[in-house]
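Each chain gets a letter, A, B, C and D, in the order it is written, and its residues are counted from 1.
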Amino acid sequence: MKTVKVGINGYGVIGKRVADAVRLQPDMELVGVADIATDWRIKSVADSMTLFASTEEARKAMIAEGLQPEGTLDNLIERSDIIVDSTPKHVAAGNMTRYRAAGIKSIFQGGESHEMTGHSFVAQANYESALARDTTRVVSCNTTSIVRVLGALDSAGLLLRARGVLIRRATDPWESHLGGIMNTMVPEPTIPSHQGPDAQTILPGLDLVTIAAKGAHTQTHSHYWTLQLTRSTTRDEVLDALRAAPRIAFIRMSDGLVALNSTIELMRDLGRPRGDMWEVAVWEDLVTVLGDEAFLTYQVYNEAIVVPETIDAIRALTNLAPDAATSMRITDETLGMRKDFLRN
Amino acid sequence: MKTVKVGINGYGVIGKRVADAVRLQPDMELVGVADIATDWRIKSVADSMTLFASTEEARKAMIAEGLQPEGTLDNLIERSDIIVDSTPKHVAAGNMTRYRAAGIKSIFQGGESHEMTGHSFVAQANYESALARDTTRVVSCNTTSIVRVLGALDSAGLLLRARGVLIRRATDPWESHLGGIMNTMVPEPTIPSHQGPDAQTILPGLDLVTIAAKGAHTQTHSHYWTLQLTRSTTRDEVLDALRAAPRIAFIRMSDGLVALNSTIELMRDLGRPRGDMWEVAVWEDLVTVLGDEAFLTYQVYNEAIVVPETIDAIRALTNLAPDAATSMRITDETLGMRKDFLRN
Amino acid sequence: MKTVKVGINGYGVIGKRVADAVRLQPDMELVGVADIATDWRIKSVADSMTLFASTEEARKAMIAEGLQPEGTLDNLIERSDIIVDSTPKHVAAGNMTRYRAAGIKSIFQGGESHEMTGHSFVAQANYESALARDTTRVVSCNTTSIVRVLGALDSAGLLLRARGVLIRRATDPWESHLGGIMNTMVPEPTIPSHQGPDAQTILPGLDLVTIAAKGAHTQTHSHYWTLQLTRSTTRDEVLDALRAAPRIAFIRMSDGLVALNSTIELMRDLGRPRGDMWEVAVWEDLVTVLGDEAFLTYQVYNEAIVVPETIDAIRALTNLAPDAATSMRITDETLGMRKDFLRN
Amino acid sequence: MKTVKVGINGYGVIGKRVADAVRLQPDMELVGVADIATDWRIKSVADSMTLFASTEEARKAMIAEGLQPEGTLDNLIERSDIIVDSTPKHVAAGNMTRYRAAGIKSIFQGGESHEMTGHSFVAQANYESALARDTTRVVSCNTTSIVRVLGALDSAGLLLRARGVLIRRATDPWESHLGGIMNTMVPEPTIPSHQGPDAQTILPGLDLVTIAAKGAHTQTHSHYWTLQLTRSTTRDEVLDALRAAPRIAFIRMSDGLVALNSTIELMRDLGRPRGDMWEVAVWEDLVTVLGDEAFLTYQVYNEAIVVPETIDAIRALTNLAPDAATSMRITDETLGMRKDFLRN
């Protein structure tokens, strides 16, 4: 089997999860990870991963901390067929020319602009258009979830217009000092928020407006949708369309999954690595259809949901799999993705 | 001037604010407050209010704590023309027959059902229909805000359909042991949530669906609306309709009021008693009109917003003022209500 | 090798972790778990564990939910050599007579009183005294950590007197509706708090006073100690005593582990099941010695720290291992316990 | 009566409260306030206070926002006898030479170093030593509370050694974007923390070690003390010493004041401006004496506790009152300070 050599630049929330996922793939090899951190985040994996420093300065700092980087980002690039760049916003843009100059492929995260790569990616929606491209952008967690769920209803010919409210987690759970908000909510300073146009980079025909705000919690976003359907329909038809779509899993209030944190605990109980949930969790019993409108709520595990998309994007750019179905099947099996967490 | 004797049963979040507001009214006299608590909540006002015990058991407990209740609820009823019942849900229902039997008027809170009183009240919408009635229900904080804001657009002939997401505070700020949620959100277990039908008890023609969830904060709700207008219009027309309506005040992101807690601090800075905000605070610069749709976000200070409505309801039931405008003018002036917190 | 059949009654925060740990032991067999819940907490393991209903009522409820319990607690008792009872406080007490009547061993959790079992257990301190007993109580997470850390200094002859402040997490992360506190702290209503006397059930000679309060977070307790030493000593001597003791791991501010949540993320990064930390995490660089006083701070992962103790308690009661060292070595190896998370 | 002209530079959490307090004093006149902010924090007082811009740049920005500053800091200095500088840390140091050059007095906040002014101030401890000085520093909220409480026991000859744990609020309630921590605690990176030495700038003889950490809440610090007394004594003697001391008020668990947020609500109920508590609130029923040790817990309303000290410092530097007792009596009466919130 052909094997692609994958390097990861930026070992943060997304980078570390992509690294783990790459190692699960039969057709990929993890060359190593590059970062500028020298603390516990890197020390904890120093024995299990090949380490590179994103900069020469970082290389010296790593050595001063007793770490043994194999080299710098240049060396990682040399050894890799493709780089997944999960460095912070704005840093990534500067790296692009380096990847291009080295003649290797590259994948960026949703914090970058669509224009930077000229292509945005969600596996189920446009895998084939990324085949053999040099670069793509895996869209953000929020946008990925929107494309999965609304895309499913759109593909089923059901969706006319979508109006959503997105309540985002304020910051990631490990962050002590950055981005925390306390005992408040922070609305985005403009309506519409940027997620609508971002989803339209994948599904240009979608009539979509979003309002966003940050909530005072650290794990998972939740989205609340009002959907104008193309016609009056039944709740079952909406559920069937969602059930048929990939990477959506139903949860239910009636199973006691009544809040964001109960789903999070379920992931821990299921033995998921880091407690990750790659699926969009749609509350089945909250899906409501009134005439030609549908209403629904789902939960987005922002730390992990783009990981399978990134794996598929690697396959698309490197021609490892000819179509979305083939790639997604491998990805989903290796990760252990499910359609329902409590039923078979 | 005619003066109405007002008794308050239930000295909690709402009751204590109504008591303060009654004392500011030129045409009302506060007879006293009744409760079953014997702790700091009552001790802190023992010197400044005439105290009654809601039950005989509570009377003994109060005396044991060194408090000096004037009597029980029966005695408060005897001395009052009207009782504002702000006891917890389900307790209030049992009290109604006592008020009726004593031949006095009564006002209940939004936790009770519309059916219980047969009348629901928001001053600007239906004051006149409550004139000389025996009893009414001042609707909840969420519903009051909906009637004020959507009612304003409806009156202006602009509103065809409203779809809203309501993110509620989880519990009140003084509560240590009840109702707290931590680092999560809790969606209401049904869609639509009950606030839509509740608002329709006041504005029966409104086409309204709401989705609700609790957020991990203790002060103020926030509502996020998608409004289908009757026609394409300008943002200015929507703003004008809101500006013309009573008990709505604009706030602005551009003034640095960027989150729920900045507005709360502003109320403290303005010297508001308890930091209360009786107005619905609509973010002016988030009001967005796209063709025949409008989008807006506002903040509801749930602890206080129904206080002016309750004062007006007292006037309506007791015929103290002949119409909404007359009553609301007195209420708003005595409380110091504003149309804009930072501009004249 | 002799194998002990273990049943678990109460599949909650502790019970589910003990179940997982039992399955890792070469000398134990998990018979099954009993509970009264019928929701996601049970459905998520219905395929992987033999399920019993703690009551006949629960058995019917389970069947109604499509679960297939093997029977009730009586059946679990019949098949087991020992029951780990991790039911809620006060429920457990009622179960004791049933275990005794059936002639099997039993282990209770720290919520129960010392008097109930007549024996309290922390492996490193008093394993041998539990050999062949009928029953014991594994003390609470807070007390276990105190015995490990202060016991280490006491064994080294260094500790004269300990005064500690314990800031507890308010409720467990999955709990949406119970025990949450928001934007506050809640001091225990008495000083000293109960953890001092509780630790003295294991180490009766310890001169120990604790003050406790709940903080507004959901994961891990933190303890802050002022220790009167038996003599002036060096910081190195204190560190050596801690390093030599079992089930204590050092963490360091200088490694970027600057807050409770960074350690929690580290556990996720290390691939720990459910992100568990069984060790007491002592901040090495906060250990301070000033003359004959020492000051230190550590973090207690309350959901998991008693799991290894419970495994050892099973061995002690059933004579599976003759001494603490033998049992603890097996436990620690199977769980993957460490002395330092970032260094070898 | 002699009247002192007071200018305030820095209209933040402390500055705005000092401004309000100055206006309550019979012997002070508020000249105006200077700041660099131009948003709601300033707009909300533009009608009620004379406004200056701390810098020329800020003056232009204020005018651009429709504000009408009277001038810059230079103009405020010209008109003032004394400036209370409550600008952020490090900004204040640069201002000192300007105040000196203008020949006026100045007061700085606890964020500055003792060395900067050469004098640190807590009214009850060292008022007289500040008489006619050019400048002083009002120590921080934590340190002020320590000097009040431990100073009281020290003055009574009871205190030999104090070991404390200080759990600080993470950030102020109005802050959305700075300093928030979520679902965690953050220990100070060194033991001892700086509050011990800081208190010793006022009470040099105190044997004092503190450990500090931030908790996940926004209002009020809480301190937990272990006190080695000079001799075995009774609880009553400790309580008497605390009761006799100024600016300490007792609260009680038995009155239902069981958490930081119940005290905060009580302040709102008492009609305190902004809900402020200037007193240190000591839980009377948690004061515990065991032989020659005492244990106690109190709550520090960090936003307001230094306000009365600042007012007294103005009097000391300007010779408005000859001794602490005279100044504190005026301050305490004008603010409405209490010895007990629920009893007379």
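Methods note: a contact is a pair of C-beta atoms (placed from the backbone, for glycine too) under 8 Å apart; a residue touches a chain by one contact, two chains touch by 3 or more.
Here the structure is a predicted model, which is why all the values come from computation and not from measurement.
Colleague: Among the remaining chains, which ones contact both chain A and chain C?
Modeller: Joint contacts, listed by label: B, D.
Colleague: Please flag the chain sitting at the greatest distance from chain B, going by CA centroids.
Modeller: Chain centre farthest from chain B's centre: C.
Colleague: If you average the CA atoms of chain B and of chain D, how far apart do the two points sit, in angstrom?
Modeller: 36
Colleague: Measuring from the mean C-alpha position of chain C to the mean C-alpha position of chain D, what distance in angstrom results?
Modeller: Once rounded, the distance between the two centres reads 42 Å.
Colleague: Using mean CA coordinates as chain centres, what's the chain A-chain D distance in Å?
Modeller: About 47 Å, centre to centre.
Colleague: By the touch rule stated above, which residues of chain C touch at least two different other chains?
Modeller: 173, 175-177, 181-184, 186, 216-218, 258-259, 261 - these are the residues of chain C that touch more than one other chain.
Colleague: Quick one: in the complex, what on chain A touches chain C?
Modeller: 16, 37, 39-41, 43-45, 47, 173-177, 182-183, 255-259, 261-262, 264-266, 268-271, 273-275, 341-342, 344
Colleague: Which positions of chain C touch chain B when the two form their complex?
Modeller: 170-171, 173, 175-177, 179-184, 186, 216-218
Colleague: Spell out the residues on chain D that touch chain C in their complex, using ranges where they run on.
Modeller: That would be residues 163, 165, 167, 181-187, 189-192, 209, 211, 213, 215-219, 222, 224, 226, 253, 258-261, 283, 285-286, 288, 290, 293, 295-297 of chain D.
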